């Protein structure tokens, strides 16, 4: 880890990032919402449901990085307006992925936290651009990123002046095909030792299977993660993207109950 | 998972395996001890220490699968006699790795559980041979094994007549070099759904770094694992093998305290 | 390969792309030049040398996707002007990497072929933007791209109206650390069967070791590749980026002699 | 590469190994035959066909390392007797895989070259046992072996007294699923630089697709390989194992014609 400077844990206090009612790096923060914003009705329903279950931020994709050009590409501006409405109704700050350097400045008016997805982890122009924005950045690990590379991507953002980066482990690509990716929970304690930035976990992309989300969410808490980001959909089977890894609101509420209970236990344990 | 029959969870009750005072698949079982049996003094000291900290079985390698032929290859029979003495003194059943089909039958007189290591996961002759033995088998996942292949390796053992197989996730080989391997905790819930066999976790080989063992041990508990296997050495820096991933007895005791506490909490949670 | 349509070999003739004096998909095309454009002097010297050795296009990076923000980021517009001067002097069309959607339209005035690097393989905004440009695109395989994903990335470009895509195998990320990546030459015949697009090979990034470039260049020819892209530097040890995989002009000339000779032989063989 | 001594190219002349009419490390040696010996009729027919097409050794598995215990496990001794008969009729020395330490000494009476398969690459007991045998050993790279590990496995054999090891690249396990494995041809020049042992290539297991075998065989020649091992079956669709990567005798003959022609050309080129 020779190159990292600003993100290194050496000589720096742990970063805390206030967003809405919670503080990343201090509270256990849960981000939840649909993979894609599909309609106002769907998004508002999910937003209310995740809020009721204890989520602190609402996520929802409006620009979707799809493998195929013929996949659903997201609602764009229309989707952002839906997210804003959901925020107004629920009070939940919103997180949404940005794909294009040209979208960073105007998106700031709509969203509270930028997400940089795994596929753009080494889109250095985009990292620099969000580094110049005044919004926190949720930086997902690339599916082929070493810890060293991932931290250097965070360094790109900090070196442009934006100190508010939240790291997110979301699984790496391995030879195993039963799971969509291999969720690397060792990233949580390893990276928290190397850097002062908060680290959360995405148990859905890491596994790609709904039934693995509850145990891996609990394992993430026990590993010391600072939070979770989870996809919730009113009707996963009809989702326009990633339906097989989305939770129903009921499943989400059940997991949250256990997650917050475990987190409270863990705080007493240490 | 087309090929698996005997190990499939379909149509079978969950397997429980009694060894000494504990039952794999029912109790949370901790296996601990030195990577290699180096001397009687070292082994007895570790055995007493891990027993005091709550371990249920003693592990210790006497045949070591080393990358280089010039690495320490283990004490062989002399080591087994030391393990027997440690069992006599502590009451802990012993687990030791077998590397050669010719050693299976006579080793049965000394050990309580055979370990098949990651490097021999597809040594089918050895799998068949322990399949004919009357001792439980701790079957580590190969560093390149898919879940399907791993379960087929267990199928080899069961199809020869030995029903007592304990699976052990120990990390897979990926592109990440900061950790020795990538511990795949999703294997725990995934494989427990596919098979009725118990699944434990080795957090040391999966990470290769002492400081990652405590959080990953807790994460393993939260993921639903049936136990842990951990390496403990009186003086890790002087160990003849794998010293950088061994715990001191003090570190081990500290982890055990938290692990058993978390396990008790988890049982109340579900 | 369900999703690909426009790039599929089914129902389409093989694509040929004329650039300067050569035609990708028909001639064996060699692209050569420095990793980074560092100065006019360096670039012109290399351009003349590679032209003399038989190269058909000049490559040179002016926007460099570096792991660390503190690495040399390229000369930008100044570098493009140097490439233009090199083209004027040598007649070699120029290839250069684009990193940002905002740079596509104005860079068209300077370059002849856009390169999309491995790190931007799933920067779908950028793929769409070069899809709207009127210049051929050299699309490198991502270090974590399956063939299916890579071809879908090409589909993004074609579906925006640009039919002129040249695929480039450059090595994938595996567990092997002796080589920088693992050059996957099976990609050449495999992808040429799946698509009608030309496929060339980058033997330098695939191996990261100068001494492996000659044999892998010859192997690429024998595998049926449509060309090569190679990095050449007047003084590799002083290069600002990737010096340990750059060839000297002398080494390059020696390889070219063999490559063209082998290519001629292979054409007689089939 | 700190540990290797006996196999290191430093301080040693290149190894040549005479088997029948050819010398590994000097001639370009082709090993061909069925994946499994299934019957006398099948094996003799293939043996005559591959001999006619220019093969120098006959391969055929009699102990098959199958993923599932319910897969065809090989004919054992009966198969060896068939191989001996094929040798008598064709004059081709025979290569066959050994899986069990107990089989090494008696198999020496039947076979000319032992094969250690990818799954047993770190079955160190078996490596030591063939190290004490007086027959050459064809040592396949494990699907998860680094060059360093692979060479250390060869070191195990040499350190027991057997100097006659032939290395065989056969593909490594990566995330790519279109091919069965990823054939790493860079292993040929890389390993030939590190060691004095001959290196051949198995283009069938590396790709798992019949149509990729011809181009990858030619690429292997161009990369500097010392030979090839290829699976040939009279009726691939009816093969008891690995039918989708076996060549018909006609396909094999066609490839051999090109392979030997290219090899002759390459010798003139260097």
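Order of writing sets the chain letters: A, B, C and D. Residues in each chain are counted from 1.
The rule is simple: a contact is a pair of C-beta atoms (placed from the backbone, for glycine too) under 8 Å apart; a residue touches a chain by one contact, two chains touch by 3 or more.
Treat the numbers as computed from the prediction; the structure is a model and nothing was measured.
When you average the Cα atoms of each chain and compare centres, the chain farthest from chain B turns out to be C.
Here A-B and B-D were compared by C-beta pairs in contact; the pair with more is A-B. Centre-to-centre separation of chain B and chain C, using mean CA positions: 48 Å.
Separating the CA-averaged centres of chain B and chain D is a span of 34 Å. Within chain C, residues 144, 148, 173-175, 177 each touch two or more of the remaining chains. Contacts from chain B toward chain C in the complex involve residues 173-175, 177. The part of chain C that touches chain D in the complex is made up of residues 144, 146-148, 172, 174-179, 182-186, 188-190, 193, 206-207, 209, 211-212, 215-216, 218-224, 258, 261-262, 265-266, 269. Partner chain C is touched in their complex by these residues of chain A: 3, 5, 65-70, 99-102, 119-120, 122-126, 128, 142-144, 148-149, 152, 155-156, 159, 173.
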